[in-house]
Structure formats: structure tokens, C-alpha cells
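Each remark here refers to the structure printed beneath this line.
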Amino acid sequence: MRAMPKQDSTPVQRERLLERMTRFTRPSFFIQIGLLLALIMGPLVLSSFRVMDVIAKIMVFTVVVASYDLILGYTGIISFAHGMFFGLGAYSLALVIHHSGSPQWYHPFLALGVALPLSIVLALVIAFFSLRVKAIFFAMMTLALAEFAHILGIQWYDLTLAEDGVSFKLPGILSVDWSAGRFLAADVNGRLMTYYLILIVSVALFVGLLRFVRSPVGRVLKSIRENEQRSTALGFKTFKYQVFSTVFGSATASVAGILFAMWLRYVNPESVLGISTMLYILLMVIIGGLGTMYGSIIGAAFIKITETWLPDLQKLAVALFPNVDMIHRLAERWVLYFGILFILVVFFFPRGFVGKARDMITRRKMSSVEND
Amino acid sequence: MDSEIALAEPETRFALDAKKWAFRIGSVGIWVLPIIWIDVTTYLVLTVAGVTMGMLLFLTASGLTLIFGLMDVLNLAHGAFFAWGAYVGFSILNALNALGWVETGTLGQSAGSVLLALVVALAVGAMLGIALERIIIRQVYGDHLKQILITMGASLVMAEIIKIFWGPNDEVVLVPLAFQGSYDVMDVIVNKFRVVAIFIGGAVFLGIQLVLRKTKLGIIVRAGVENREIVQAMGYNINLIFTGVFAAGAALAAVGGTMWSIFKEQIHPAMGEENLIFALIVVIIGGLGSVTGSFLGAIMVGLAFNYVAFLLPKLALGVNILIMATILLIRPWGLMGRE
Amino acid sequence: MPEPILTLKDVHTHIGLHHVLQGVTFEVTAGRSTVLLGRNGSGKSTTLRTVMGLTPASSGQIKLDGKAIEERKPFEIARLGVGFVPEDQAVLYNLSVEENFRLAMLVENEQTWERMETIFELFPDLKKFWRSKAGILSGGQKQMLAIARAFVNDHQLLLIDEPSKGLAPIVVEQLGESLIQIKDKTTVILVEQNFNLASQVGADYFILDDGRVVHHGLIEDLVEDYEIKQKYLGIG
């Protein structure tokens, strides 16, 4: 490995070398390690099922949101079909297990074998379409397409069991029936195993996405996003990159869908194919920050935590005002507050939480440079 | 010499126009095709249903297309106006029913109830439109991504507020007595209210065309759709006109919602989003900024949906998406749009 | 000295990050048509657009007939009596010639229709195509329409941006004849690359270079001044 940069190396190469050399000493590295440790040890130390549930969902949605950020934030393609890919993955697992009678250990792989090709083909079609058609038309198309998938899910009873949804069990050690005693504060059972499977796959996918955006391909994407004409003039076949990133992002979302189905062991059209899923993804990516991978963690965490503990707040409100019906109704409609929050964030924090944080850090760095 | 050139042009113009019109007539005539698979009586019933649906879709789509054509604003909250119109109309009809006007009463009272419901829906739609435009849309002119996001958020908020006032469940809408039942025209059952809907839709279309082509306001709006800057430079406060057009579009959508709710005899909070998808398809097929385009597009979508729903129910929406995709690929400016 | 109808003082305009006007200062006298000359990119069109408020000034003063207008919106400036004929897309293709005119008319009264009579005399083609869509007119006719349209109101100032662009020489001649007639009835500020046309129409001139006024004077003097014409306009 080249330890010393050549005399005539470029600024980019020098920067990358510096980054690589200080990799293990930067504060962000410790945060990452700490986070990972917390995720691994968490369920072993805390015995609350609720906490494990929220964390599992956060992990899954982080992957969904990060893959959406790849498409929207990094490649600049406005698509509303992302929820559809997520639902596709979820239904793949559910239907594979349901239609075969009893869950087998190879079913998750089979589901992958169904979901991945399907989502890749669909994503290819969508990606090519996006290049032929103006951005706003494309956005509307994806909206219509997602709604169509939703309707198919509701109406195709023979395949999807429609609004009843599909309830299923997981095979082998992931099954709720499996148990093997205790370890630390946790019951070692199918739930715990599923949690760790989700952990491993989510982290792998997230790291994959991170590496992708930091890779040369990712850098080309950034240049395309900032100035497509110049990129084309520089010789990059921009459409190849856009197609690749769309396919990669969409396929990742369907894998996340499989994980989600694994955790809930129940899917229905509304929960995985409905427009609300897409809206939540949008909300999470905006709050976290477009074009910032880590923002997806923040966005997903914020929404999922709020979602989980809001019913408690609701009960509190009802308890405080037992006779005021309007308060009850207002408390129930927490989606309303998400909507308002969304609007406020788009107005005031268009770059999201992480974006704002990065702006503040940059500003502080610049003012300290001035003060020297 | 110039005048000679200009005179020669109309002939080549005619050839190009002929192609355009052939395309348009062809795309409408294609709907006669389903007679191959459907018996004539059913076909006629479906056609009436399709035209009705088209008329009602037109109400929402016309506003959407003008807003996009004039203001270059992508308003994904348009469906929410539709839903609000439906719910407000529902309440008005219930209130009038308590006075004996709706489920019982004379033709005059039935007509009056519908009229009152429409007028109130129109007013509410206009007010919501003004409010949305001034508070939110104004801030995001020119930024399509922000428009998409913000109007989605607004749509969500407006739908939730409906649930606060009216509850989250489906509701049954009362059909005024005089419009209940159907006519039997040579074995073809034609629902009475559908006739009303077709009349109202047609009247609105003619009304809009009259305003657009005969009044100064119409000229300003049509000019603004083509070139906003020039209209400003000519001395017109384009912002005021924007608000006005936005409010008018919202009002039309609300009227559409009320009519739809009586047509389907039910309402539910998600109806706004569903309608929006159709409206978007219509607007794309018809061409952004063209009212005639959205009229033709709406009829086309309504017919397609009803024919396919009869033959292959699950694919009804899919067929419309297919049409939209085809148009986007071969004639992206829509049927009546301009390159 | 008659009162200036338009004054610009140290006007700066930014378009995005480009500093296009870098301190433009000049005066236009009422009744004396003025020409803005200069190479491509010198800021001539932007000057007109800034006066009209379409590309607002970032700093500086603009006074119309003594009133400050640098903060006003385009429609207010139009109503104060300024007409504008932009470089491209001045005419609305989907409207008929008649509708183009009706749009332009801020008021419709006897005077307006009297002016229409004058316009029909100056531009007979417009009467011929009165009900036709403006899009079918030839390039020259479209320009005539654009200019005539700006003239239909009793404006005190007409801003005209490169009317001869893309037109055949014989059409430019016709254009010149109409402009000569118009300039006597109102004050015209003309941006032009075609020096011939400019010298027919203008009385005073200002040369812009790099967003600043670098030379000014009387057109009749400039016609003979080959040195200046070569230096700033690349002709002569």
C-alpha cells in the first residue's frame, strides 16, 4: 500500500489518504462503534420487548430510508414508488411461506429469490422511464404505480388474501416456538434470533450503501446531481449511473421489506403498500436530511420512537381531559402532527437534522479559521 | 412578401393540424372497440357510467391543469379539496334532510339541496384554496421538489382534519329523492343522478371555456399560461391572478367532490388521494394547461376505467396508468398540449 | 434642458452569482429616443429588464419621471407608463392578434381605438390577421405585433430590446420605418446590435461594456466616429 503520496498527487487523493490514515481516531468512529455495541447488547441488557421492537423497526427503516436517500438525495430522482418495493419484499416472504404450507429454513432465501429479480426488473423499467420523461411527470407516474400496487394487493384475493392480510410463522430458530433458556437479562428465543438476523443484515446493507456513496461511483452521482450537463460533457454516461443507483436502492428496499415481514410476521396491503408508508419514508428522509446517509438513522429513529410512545401521550391527554371529546379526537390524530412537522421541516430545515448539524459545524470551522 | 409567406403557411399548418386532429379523434374513437367484448346494452350502461365519471374527474382535473399550466405549481393537495367538498356537501345534505328536503320532498327541494350543497362546497373550496396558496404555495414557487413535498404534507394535514371533524369512518351519502332511481331507455338503465352529473359537468366545461375565451380575465389567464413574465410586464398583478386561479381550481375540485359523493353514495377520508391519482392521469393525458385537454382526457379515463373494470376488474387503474405511460413516451405534452 | 424621464444611478444587478450590471449610470431625456449599444453580454438587455423590474436591481437608484421605481414590481412599473418589448417570445402565440392587443390595453376607450387606427396604418398586416393566432405570423410580423402592442397604451416610455434580431434585411427596413414614426409619439429606449437601425431611430446613445456605461453622446456624432465604433462595437 502506498504510504507516501507522490509529489504530484491530486488534492482529492491527498484528502482521501488523510481520511484513511485518521480513520480510527476520529470521534465519529467511536460514535459508530458505540452505536453498534448498543445495538448488540441492548436486548441482552434491557428486558423490555417494546424497546427491542422499536430498535428492530428503526434498523429496518434506516435501510429503507437510506436507500431512498440514495435515489432522491444522491441521484436526484423523485420517485414515490419506494414504498412499493418495500411492500414487494414484505409480501414475497409472507406469500412464499403462506402458499407453501409450513415454513422452511430456505424460505427467506426463496423470498429473496422472488423479491430481488422482481424489484430489479421493475426498477429497471422505472429507471429507464425516468430518463425519458420530465421529472414531475415521472413523479406522478410513480405515485400512480404505487397506488396500483396497493390496489392489486387489496383486490387480488387469491394471491394476497387482500385486506385480511397474511399471517405466518418463521422457520427454525427464528420461530416464536423456539427457545433456549436465558442469557443475561433476555430470553433466548426466536424473537431474539430474528432481532440479531435483522441487525446483521441491516448493518451490512447500511454499510454497503455508505460505501457505495463514498465510492468513485458515488462521487460521479454527486457530480451528476450538481450539474448533469457538465458530467455528460466530462464523458460520464450519466444514465448508466442513474439507472444503477435506482436499481440498487430499490432492491435494497425490498430486502428491508423482507426483514420487516420477518419481524412482524404479518403483512397487509395498508401497512406495507399504502401511501402512508411512502409518506413516512419521505418524512424520515426529510427530517434526517437529504443527501446524508446518517440522517436516515436520525429520521427513522425519531419517527419510530415518536410513533411508539405517542399512544401513551394520547392516554395521558385523555386522562387529563376525560370529558372533552375534541381533545380525544385531536390526540388520536397524531398523523396530523407528523404532517405539520413535515411541512415545518421542509420550510425551515430543508437539509434536515444532519444537514443542519453539518452546516453548523462548517460554520464553526470557518469562523475559527477567520479568527486565527 | 411577408404576408405571402404567412398566407402560404396556413396550408402546411393545415396538414400538421390534420395529423393532430387525427390523433385526437383516433384516441377517442378507440373506445368504441370494447363493443367486441361487451353486449350492446351493457356497453351503453358502462358508457354512461364512464362519461359521468369523466365529467366528475374533469372538475378536479380542470383546476389542476390550469394551476400547473399557469403557475407551474405541482399541487398534490388538490385531492384534499375534493375530499373537503364531499364532506361539506355530506353535512349540508344531512342538515337539509332534517328539514325534509332530501330523502323526501319535491323536485324543487331535491334540486335545491344539490345546489345548496354545491354552492357551500364551492365557497369552502375557494377559501381553502386561498388559504393554502397564501400560506404555503407562495413560499415554494419555482422549486418543484419542495412543492411536491409540501403539498403532500398539506394534503395529509387536510385529510387528518377531516377525520377530526367527521371521524375516520366511511359515511353514507343521501341522494335527493328526485334523483334517486333510474330511467329505462330501451333496456338501458340510466341512473338519474348520472344524467344530472353529466349536465353539470358539461355546463362547467362550457362555463370555463366562455370565461377563458370571451372575457379579459380569460385572456390574461391564457396568456399567463404561455408566458408569465410578459403578462406582468403588461401591467397585471400576476400574484393576485395566481391566488384567484388557485382558489377557482380548489372550488372546482370541491364541487367535483360533492358530486362524486352523491354519485357513489359514500365518502371516506382517503377519497382525496384516490381522486388525485386519477386527476393527475387526466392532466397528463390531456396536456398541462389545457382545459379542453383535461375534458377529453377525463372522458377517456372514465370510459377506459369502466370498460376495463367490467372485463378485468383488477386492471382498471392499471389500464389508465398504461395510457398515461404511453402518452408520456410518445406525446409527452399530452393530447392538447403544445410542444 | 428638458427634464430627464428616466435616470439610473449606480445600478447593480446580479443574476444568480453573475454580477451583470456593475454600476450603470445614465439619463434619458423625454422626447429624445435613446439607443443602448454594446457587444453581446455587455448588459444592455439586463439594463432594460432591470428598469422594468423583471430582473430587479440589487442596488442603485432608478427614477421614472422623478419617482423611484427600483423597488417596484413589474406590473406597477407598467402601469406608471412603461411599455416593454422583450428580446424573445414577446408575442403570445396561442392568442389571436386581437387578443394580444386586448391584453395589452390597460384601458379600452376612444383614445385606445384611435391609436389602433394609427397602428393599422403603420402595420396593415396586423389588420389582415386580426383574428388569426399570433403563432402563424412570420418573424417580422411577430416583431411588428410586439412593438405595436406596446404602443397601444399611451406610455411615456417604451423599452425595446433588439427588435431586428433574426430578421431579414428588408424586414428590418420596414421595422425601421415604423420605429421612426413611433419615436416621435413617445420616448423610446432601444437596445440594438444593428447600428444602421440604431442610428436611424436614436438621437442619443450610451455604450455599455462589462456592465458599465463607457461612452455616450449624440448618434449623429457617433456615425462619423470610426474609432469608437471599432473599439466598443466591433464595427466601422
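Here are a few things to note about the model shown:
Order of writing sets the labels: A, B and C. Residues in every chain begin at 1.
Simple rule for what comes next: a contact is a pair of C-beta atoms (placed from the backbone, for glycine too) under 8 Å apart; a residue touches a chain by one contact, two chains touch by 3 or more.
This one's a predicted model, so the numbers in the text were calculated from it and none came from an experiment.
Core chain by CA centroid proximity to the global CA centroid: B. Farthest from subunit B, judged by the mean position of CA atoms in each chain, is C.
The mean-CA centres of subunit A and subunit B are about 36 angstrom from one another, to the nearest whole unit. For the pair subunit A and subunit C, the distance between C-alpha centroids works out to 56 Å. Averaged C-alpha coordinates put the centre of subunit B at 42 Å from the centre of subunit C.
Of all residues in subunit B, only 1-3, 5-6, 9-10, 13, 216, 219-220, 222-223, 226-227, 229-238, 338 touch subunit C in the complex they form. Across the interface of their complex, subunit B is touched by residues 52, 54, 73-75, 78-79, 84, 86, 89-90, 92-95, 99, 102-104, 106, 125, 128-129, 136-138, 140-141, 170-171 of subunit C. By the touch rule above, subunit B contacts subunit A in their complex via residues 74, 136, 139, 144-146, 148-150, 152-154, 156-157, 160-161, 163-164, 167, 273-274, 277, 280-281, 284, 313-314, 317-318, 320-321, 324-325, 328-329, 332. For subunit A in complex with subunit B, the touching residues are 78, 129, 132-137, 139-141, 143-145, 147-148, 151-152, 155-156, 275, 279, 282, 286, 326, 329-330, 333, 335-336, 338-340, 342-343, 346-347, 350.
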